[in-house]
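Take a look at the structures below.
Each of the next two complexes has chain A plus one other chain: chain B in the first, chain C in the second.
Take a look at the complex of A and B:
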């Protein structure tokens, strides 16, 4: 048990100090912390924390199987209460994002299930869920053609942009945009927005998100390097 | 022979058309299907609209009822949208509790109402802290042939413009509400959001107003909701192939 505890803390990585241009909150990631799922990860962004577990490729129900691809399922459980329509909508967004990057054709007629549990919510929840899901898929060894990350941008009434907003900043903002970007070409995989904004502001947010995603992907790389260099 | 090819290789069949910049039903890549609207057809509802986008048929009925305003916002009413995709509209839906597609569509419509501020919830309040209107918007799909989000948004907007609410006064002595059915007024619609859906093919091509088959073959979809001032209310891109900013 002592050894387990040691391995676990060593597999956790925290982000280092960033340059003044980046305004993302402090983030940390821990992989392989659960024993039952094939892959698991816990992602922390400031005070927002999400735990993800991946089961797969595993057996799939005949009614759900797809003959040439893996069937991807995402289950998102909120911190309190029963999952509702909003969770279903988020599950669909996360599932479609994962489907775009996971090489499902390598595992036909199987199922890959991603289970996300919200541990604490202090703003930018969907982005944190996406990051946790990506790290968990990597930990499970699911073949992917790219990594993805989630970035949240909040636009204030005066037009200023805040990346990775806290819950308070999100409430006061005029518009909140959550974008998922892929690691190879920084293309936009998923977007969901709240509030009113103009076309120019959208382009601004996209550029800022692409810059921020650099930091997140660098953190992923460092995290995985640390983990595999120890073992 | 073409029908055989279409069954065996639907994607290749489709690509042949896309190469000539058109689609199997004869439309251009940027062309919408014929749209028809029928307003006020349901007499038992306070407001209704039937929208047909090509074959996709969606009907929206709005009923207004009384409710106590929420405790954290005593001067606001409620707007409760619900999208129903019954087995009638397509063989992919089974009877029973709402499936994922219906729930996602309901959440999308709720987001559009919230983001675009189509009606001020304060307008629905009759007496702060005591009584307010709740508008139940039931959107039912009668025929599913792709592009359900656009049709639902349009039907909702048309039905809301058709809603007539009676005048309500609170009697000072009894404290009960008195409804004057003879005096009705329209809702104050502040913005007119319009949704446009695109299907992404082979990571590069964007096609407007996809039909059911096109949605099935596409590698991704994108829905943009804009109001008349050119402001974006919603950019809904649930996964699928990546798009560059431009």
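Take a look at the complex of A and C:
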């Protein structure tokens, strides 16, 4: 009797040989797939897959409550092993991005918890986590002032730019930049970089990421429209 | 008259603000800005540039537009904060207001709103107050005097674990929510402790709103199946009681499933059960 409540959307981006211009891997997103969290989403980019669940606005411990806004917590669990320092630093980056976008002042003294589970990691993990977190926050109905997305750029030794690199491309690259952009004016919300690059290359990556984020936001829009078209 | 936003152009600088009227019943995303009808005249096709300051009030009188759930005022525009379908209701009668705009979103978590009728579970009794779990971020407080016919000597018979149907008198983001089981005249009007037996289960908030809409077919069909007692809480909780446990469970399953079923599938199931 229970019809399928999960809504799955896939993007039609080609995943073949990639040129230097905007060419992201195949996306897929599934919303409302977990029954316990208030919102959940699974985001797939090529072979990288992350599952996100959001609980909130819920009760918060008195020691952690903030009197005038919501306490945002992010928990990132790796696929194998215990969470370590790398996960802690990624959690902090994701939390800072979410705090910039979520309207926490509407729910003071509450907690909004985002739990992310890495299902498979094949490069661009942080960007995939950011996308999954955004879709899960939208699914939970947490008030936000904009949507956000993550885009990863890899710079090779010869200066070419690759968007959404695989794990192999990330290892061979000279620099890897992960940028989080918002949907209203494509402004930069968060950036984390590793490696050596010049400031001209940074501007180039930013421009490429802004162009790529259009595709991601269009995919969000299609996926949400499909979800609401069922009702 | 220049209409701002009939064409959807994707620019790198972001989407322009569109007229709320053109977006009715469409899916809106957080971050989009909507223009109210009065502002369309001032926006030319060039988009949000400099607007000439109007010294005369203009021919149209500015009605008061109410900004409902999912929307916030940002400057003189409406900012969408939740994803869902944009809806509008015209003001009734002689009111000159601009009506209400809101976003119909699908959510599971309840946020207390003043005036909502909810089903709560009593979790603690401390002195003169009961703590009631309503599914929000904080338990609501319910005074023992807020029942029909309750006095200091004649206390209501409420135990921990009981189900309470009441309404919020205080519910805002800064204070602990407070609920009562009497209306403004002091009558219970259906509120109070919910009786023994029956089943309490949780559904999404959108389904409750759908079931409580006037002329809901689902409720009429369910009523024809078995005699039943049913209580809907706006916090996503439904309490149902029928003559036997099996009938109660069937009703609970139907109500949970009808969110995802189309009208035809529902009619099939009802006709199968009626045999």
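Following the convention adopted for this analysis, the second predicted complex is superposed on the first by the 212 of 231 C-alpha atoms of A that agree within 3 Å, B and C clash if a C-alpha of one lies under 4 Å from a C-alpha of the other, contacts with A are read in each partner's own complex, and residues count from 1 in each chain.
The working rule: a residue touches a chain if its C-beta (ideal position, glycine included) is under 8 Å from a C-beta of that chain, and two chains touch if they have at least 3 such contacts.
Just so you know, these numbers come straight off a predicted model, no measurement behind them.
Visitor: Looking at A:98 after the superposition, I want to know if it touches chain B, chain C, both of them or none. Which is it: first, second, both, neither?
Guide: first
Visitor: Can A:144 be said to touch chain B (first), chain C (second), both, or neither?
Guide: second
Visitor: Considering only touches as defined above, state whether A:64 meets chain B (first), chain C (second), both or neither.
Guide: Neither partner.
Visitor: Does the superposition put A:79 against chain B (first), chain C (second), both, or neither?
Guide: Neither partner.
Visitor: If we overlay the two complexes on their shared chain A, which of chain B and chain C does A:199 touch? Say first, second, both or neither.
Guide: The answer is first: A:199 touches chain B but not chain C.
Visitor: Please indicate which partner A:185 is in contact with in the superposed arrangement: first for chain B, second for chain C, both, or neither.
Guide: A:185 sits against chain B and chain C alike.
Visitor: Which touches a greater number of chain A residues, chain B or chain C?
Guide: Here the partner covering more residues of chain A is C.
Visitor: So in the superposed three-chain picture, is A:171 touching just chain B, just chain C, both, or none of them (first/second/both/neither)?
Guide: Neither: A:171 stays clear of chain B and chain C.
Visitor: Pick one for A:214: touches chain B only (first), chain C only (second), both, or neither.
Guide: So A:214 only meets chain C here.
Visitor: Would you please give the residues of chain A that touch chain B in one complex and also touch chain C in the other complex?
Guide: 182, 185, 210
Visitor: Where on chain C is chain A touching in the complex?
Guide: Interface residues on the chain C side: 10, 12-14, 27, 29-31, 70, 72, 79, 81-85, 105-109, 111, 136-138, 173-174, 206, 253-254, 256-257, 259-261, 265, 269.
Visitor: Please give the residue numbers of chain A that touch chain C in the complex, ascending.
Guide: 1-5, 32, 38-39, 56-60, 103, 106-111, 138, 140-141, 143-147, 182-186, 210-211, 214, 218, 220-221, 224-225, 227-231
Visitor: Note which residues of chain B are touching chain A in the complex, please.
Guide: Within the complex, chain B contacts chain A at residues 100, 103-104, 106-108, 110-111, 114-117, 219-220, 227, 230-245.
Visitor: Quick check: in the complex, which residue numbers of chain A touch chain B?
Guide: 85-86, 88-89, 91-93, 95-100, 177, 180-182, 185, 187-199, 202-203, 206-207, 210
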